[in-house]
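Following are the structures in question.
What follows is chain A paired twice: with chain B in the first complex and chain C in the second.
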Partner chain A sequence: MRNRNATAYRFLAPYLLIFSVFWVWPIISSFMISFQATRTVPWRFAPGFNWGRLIGDPAFFNALKNTLLILVIQVPVMIALAMVMAVLLNSPLLKARGLYRFAFFAPVVVGEVAYSAVFRLMFSLDFGIVNKLLNSIGLPKIDWFSNVTPAMALIMIAVTWRWAGYNAIILLAGMQSIPEDVYEAATLDRVSKLKQFFYITVPLLKPVIVFCTVLSIIGTMQLFTEPFLITERGGPGGGTETLGLLLYRQGFRSLNFGYASAVAYTMAALAIAITLVQLWLTREKQ
Partner chain B sequence: MAPVTLNNVAKRFGAFEVVHGANIDIKDGEFVVFVGPSGCGKSTLLRMIAGLEDISGGEIAIGGKVVNDVEPADRGIAMVFQSYALYPHMSVEQNLSFGLRMTGNPKADTDRRVKRAAEILRISELMDRRPKKLSGGQRQRVAIGRAIVREPQVFLFDEPLSNLDAELRVQMRVEISRLHKELGTTMVYVTHDQTEAMTLADRIVVLRAGHIEQIGPPLELYENPDNLFVAGFVGSPKMNFIKGRIVGRDARGVLVELAGQEKTRITQPLTGTAPEVGSKVIVGVRPEHFGDAGEGDADLVVGIDVIEHLGGTSFLYARTVHGEDVVIQRDAAKVPETPEITASIRKSYLFDDKGLRLR
Partner chain C sequence: MSSLSSARLRRSIALHLFLTPLALIWLFPLWMMVVFSTMPDNGIFSPGIELLPHGNFLDNFHNLQRDTDFVGAILISVSVAVTYTVLSVLLTSMAGWALARYKFFGKGVVVAIILGTITLPYAVVLIPQFIMVARDFQLANTWVALIVPPLFNSLGVLFMRQSFSMMPDDLFDAARVEGVKEWRIFLFVALPLARPMLAALAIILFLASWNNYLWPLLINSQPGSMTAPVALGTLIGLTKVSWGGIMAGAVMLTVPMLIVFVLLQRHFIAGIAAGAVK
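Right after this comes the complex of A and B.
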C-alpha cells in the first residue's frame, strides 16, 4: 500500500512542484513582503510600514469605496438579471433555445481587450451609439469617461454584460434540476406561476444563487480589466479605481511590492469575510 | 364526489397517436384502475383527466361538466405523483397547507383540513419534518395528505407505490383501500402492477398501445377475459397459452387438438360461431386449472424444469413435449417427485389466431 502511495506521489510530483513554486510560495512570500518596507533597497522588516499606511491612505479608501460600491450595486443587479435570463431560457415557449444559450454565454469567451475597445467606442461622447440612442429619444449626451458617476455606471454595465449570461447558464442548470412534477403539483394546488417562482424556484435554487453570488463577490473584489481598459486606469481621477487597480499601480508601476502585498491580503480577507457573512445569512435553518 | 366520463378521448404527439379514442364511464365514488404495460398510455390518460396534458380529440367530463378547456386547478381533482412531488424545502405541515395558503384560504379552515388529513394518514407527529427526513412510506402519506386537504371530487393516483419496497407496497395498498372506504371519493389509479389493480379496483381498465382492451371488475377480467392480452396480463403467474387446432365441431362446440400432442383433445363448448375445422387456435389454461391425471378434460404430458415452493402452494415450471412453457399450480403436499408428469386440464379458454376470445 505504501509503495502504491509513493508511486502516486511520484506521478503528482511535477504538478506539486509547479503548484508550490508558483502558487504556494508567492502566497507566503507576499504575506512576508507585506511586512517589509520595499520603497528603498535593501528591503527591511517594518511591520507597521505598509499596514500602517493602509489605514490612513485616502487612495486605498477610495479604491475600497469604489470596489464595495460596484459590489453592492452590480452583483445583486447582475444576479437578478441572470435569474430573469435563466427563467426565459428555461421557458418551453422559447424557440431556438440553444442559440440563445450560446449568445448569453458568448461574452465570457470574447477577449477582454476586444470587448473593452468595443465598449469604449459604443460609449464614446460624440460617435458612440449609446449617446446617439439617448439623443434620438430626446435625452442629453452623457460624457461617460469624464464624470465619475457615469464612469462607474459604465464599469457596472460592462461587467454585468460580460458575466450575467455566465451566471444565467449556471442558474439554468440549477433550474433544470428541479423536478417538473413539483411545479405540476403546485399548478394543481392553484399556485400562480409568479408564486411558483418565488416560493418554489427561488428557495430550491438558493444553493446555486449563493454559489453565483460568492463567485461574483470574489470576481468583483479582484476587478481590474474593465477600469484599466475601459475607463483608462481607473479614471477619471481615480473615480473608478478599484482595489485590483490600486494593487497593480502600487506593485507594478511604483514597484512598491510591500504595499501591493498588503492591499492583496486586504482584498482576500474582505472577499472571505463578505462570503462568510453571505453563507451565514443564507444558511439552511434546521 | 363526482363521476368522470371520457368520451372518445385521443392524444397525439405529432403524427404519433398514443391514446386512440378512449371511452370510459367512471361512476361517482368508484375506484377505477388503469393498468397496462409501460408505454400503453395509462399515465397520459390520467394526466389528460388532470389537465396536465392537452387533449387531441374527444371530451372529458368531471361531475357532468366538460373540462377540456378548464384549468387543472379548477377541475376539482387532486393528484398523487409517482415521485411524490413534495416541496423539499418545506416541512410536512407546509407541504400540506401550501396550496391553501397560496390561494388565500382562511387560516382556521386550512388548519382544520391539514389536521384532519394528518389524522387520517397518521402523520401528525411528522408535521415539522422536511421530506428528506421521511421514509418512502411516510413521504407517500404526505403526498396523499396534500391531495386530501384539497377536498377534491376526484383523486388521481399516478403509480403511487412504484418507488416503495414490496412490504411497504402491500401496506400502502391497504391504506389506500381504507382511504377510499373512508372518504368515498371517486378515485382513478394508474399502475403497471396487475396485483395492485386486482386488489384495489372496483373496475379495471386494461390498456395496450393506447387502446382499451377491456373494462370490468377484477374477477370478471380474470374469469372472463375478452382476448389473449387481457388473459395473459391479469393473473399471476400468467395464463398458459398452448397452440392448438380445431379438429371437429358440432352444435355444442369444438374439439381442439393440442400441438404436438395428438392424443390430447379438449372439448370446448361455444355459443358463438365456431371456427372452421383445421383453424389454428390458442388454448389458455390458468395455472390453478391443471389437476391430477384423469381429473379433467384432457391430459397433458409435461417435463418439470423448476419447482417454486411458496408454502401452501407450489408452482411447477414445466415444458410440453412441443417445447411450450407451462406453469402448473399444485398444493404443496401434492408436488411430484418425478421429472415428468401428466397434468389434466380442468378448465380452459379458447382464442382465435388473432387473439380474440372464442365463446
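Right after this comes the complex of A and C.
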C-alpha cells in the first residue's frame, strides 16, 4: 500500500460528507440539545433543565422500566431459541432443510408495519385467531390489549417471532465455521451430543453469542414500532410504553427536542455500557 | 451397526417431531396474513375459525386504495429503495476501497470513528437529523429527505473494506504498471471481482429501505409523499377502516420480499451473517 492522500480522499469524500452531516454531527448536536431549553425562542442553554426533569419524571421511569423488563426477558429467550434453531438446522439428520430454513428465516424480510398489523389482528379479543384457538382447546380468552401483563407478553412474542431467525442465521454461520474434526474427535471419544454442545459449540461460539446478544439488546432498547402500532401508542395506559416511544412522543408530538434528546442520550449511555461489557466478555485472554 | 442406524433413525424422528410444530408456528403469522388478505371484513370479524384463503383479495385491495393511495405509496417506496440502494452501494464501496487499499493521513481516525460509533442507537441522531432536514434545509416531504440521510449507514463501508482487503495486491499492481488510473482500477477490476459481496450488500440495503418506518414516518408525513409502510401504518388503529385492505397491503409489502428471499437466499444470508464479521 502506497501513501496516496489525494486519491484516497477522492474515494472517501462523498461518503464522509454524508457520514459527518447525518451521523457524526447529530451525535454531538443531540448531546448539546439535551442541555438546552428548546421550548423557548431562541433556545437557551440550561444544563439542568431536561436532565433535571428526566430524573423526576415518572413517565421516563415507567418507559425505562418497561424497556428493561422487555430486555431482560425477551432477549435471553430469543437468543436461546435462536440457538436451538441454529443447532437443529445444522443437524445432518434433518431432511427438507430448505423448508425449515424458510420457516425460521422468512420473518427477517417482513416489515415492522406489516407484521404489527397481522399480530394486532391475530391477538384481538373476540375475533383474534389466537383467542379462538385458545377457546377451542378449552382455555379462557386473554385480553391482550387491555391488561399490562398480556400486552407486554404480546410485544415480546412479536419481537421474538420477528428476530429469532435473524439471530439463528448469524449463529448458524458461526457454527459452520467450527471445524468438523473437533466433533469427530469428540464422537470417537464417546462424548454425547449434548455434552458436545455445551463443551464445544457454546465455548467456541461465545463471541458470536455475545455479539447477537448485544445487537439484540441495542435493537430492543430502541423498540418503537411494535408498542406504537400493536399495543397502540404504548397502551394500555402507558403499560407498554418504551424509551423509543417516549422519545417519539416528546420529540415529535410535543416538539420538545431538548427533553427528547436527553431520553435519546440515556439510550446511548445504556448502549455504551453494554458495548463495554461485550468488549470485556470477549477480550483476548493471554 | 443396525443398532447404530436405528438410534440415528430415532434421533432423526425426534428432531423432526420437535422442529415441525415450531416451523408451523413460525409460518403461522405469514399464512394468516395471506388468509386475512383474501377474506371480506365481516369474515375477519366473525366467530368462526378460518384457516384457508378465500377469494376477496381484489375487493380488499380496492378498499385499501379507497382508504389511502397505496399504489402511489408503493411507487414512492420502490423508487426510493432502488435509488438508495444504488447510491449507498456506490458510496460505501468507494469508501471501503479507500480504507482497504490506500495508506493515507487520518485513516486511523476515520476507522476509529466508524467502529466507535457503530453500536450507538439510531435514536440518538433522530432529533438533530429531523431538525436539520425539516427546518434548516426545508426538505420535509421530499424524495431527498427519504433517500439522503439514511446513506450514513456504515455497514457497507466495513463490509466492502473487508471484501477489498482480501483481494491479492498483484491484481491491481499489474494494472498500475500499465498506467491504468486508480478510479478505472476500482470500477473495472475491483468492483466486478466483488460482485457477490455487492449483491449481498445491495439486498440488505434494499430491504432496509423498503421496510424503513420511523424516519419516513417523521419526515414524510404528508399524503402523497408517504412511503408504503407509513401509508399502511396510518390506517392501523383507525375505526372505520378495512382490515382486509390493511392485510392486502401487508401482503403486497411482504410477498415480493419473500420471493426475493427464496430466489437469492445465499446472498441474503451472506449479507446478514456479514453483520457479524466486524
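The rule is short, and it goes like this: the second predicted complex is superposed on the first by the 274 of 286 C-alpha atoms of A that agree within 3 Å, B and C clash if a C-alpha of one lies under 4 Å from a C-alpha of the other, contacts with A are read in each partner's own complex, and residues count from 1 in each chain.
The working rule: contacts are C-beta pairs under 8 Å (C-beta built on N, C-alpha and C of every residue); 3 or more make two chains touch, one makes a residue touch a chain.
The model shown is predicted, which means the values in this text are computed figures rather than measured ones.
Engineer: Using the touch definition from the top, say if A:Ala151 reaches chain B (first), chain C (second), both or neither.
Structural biologist: After superposing on A, A:Ala151 lies clear of both chain B and chain C.
Engineer: As a test of reading the superposition: which chain, chain B or chain C, is in touch with more residues of chain A?
Structural biologist: Partner touching more chain A residues in the overlay: C.
Engineer: Is A:Phe105 in contact with chain B, with chain C, with both, or with neither (first, second, both, neither)?
Structural biologist: second
Engineer: Going by the contact rule set out at the top, does A:Pro179 touch chain B (first), chain C (second), both, or neither?
Structural biologist: In the superposed model, A:Pro179 contacts chain B only, not chain C.
Engineer: Per the contact definition in the header, classify A:Ala114: touching chain B only (first), chain C only (second), both, or neither.
Structural biologist: In the superposition, A:Ala114 contacts chain C only.
Engineer: Looking at the overlay, does A:Ile200 come into contact with chain B only (first), chain C only (second), both, or neither?
Structural biologist: first
Engineer: Touching A:Arg190 in the superposition: chain B (first), chain C (second), both, neither?
Structural biologist: first
Engineer: Which of the two partners, first being chain B and second being chain C, lies in contact with A:Met78: first, second, both, or neither?
Structural biologist: A:Met78 sits against neither chain B nor chain C.
Engineer: Answer with first, second, both or neither: which of chain B and chain C does A:Ile129 touch in the superposed model?
Structural biologist: In the superposition, A:Ile129 contacts chain C only.
Engineer: Across the complex, what residues on chain C touch chain A?
Structural biologist: Contacts found on chain C: 8, 11-12, 15-16, 18-19, 22-24, 26-27, 29-30, 32-33, 36, 44-47, 49, 51, 91-92, 94-95, 97-99, 101-105, 107, 110, 113-114, 117, 119-132, 148-152, 154, 157, 182-183, 186, 207, 210-211, 213-214, 218, 229-230, 232-233, 236-237, 243, 246-247, 249-251, 253-254, 257-258, 260-262, 265, 268-269, 272-273, 275-276.
Engineer: Quick one: which bits of chain B touch chain A in the complex? Just the residue numbers, please.
Structural biologist: Residues 50, 52, 72-74, 77-79, 81-83, 85-89, 98-100, 102-103, 146, 150 of chain B touch chain A in their complex.
Engineer: Inside the complex, what are the residues of chain A that reach chain B?
Structural biologist: 179, 181-182, 184-192, 195, 199-200, 203-204, 206
Engineer: Sort out for me which residues of chain A touch chain C in the complex.
Structural biologist: Listed in rising order, the residues are 1-5, 7-12, 14-16, 18-19, 21-27, 29-30, 33, 85, 88, 91, 93-95, 99-122, 126-127, 129, 132-133, 136, 161, 165-166, 169-170, 173-174, 208, 211-212, 214-215, 218, 221-222, 224-225, 229, 232, 243-244, 247-248, 251-252, 257, 260-261, 264-265, 267-268, 271-272, 274-275.
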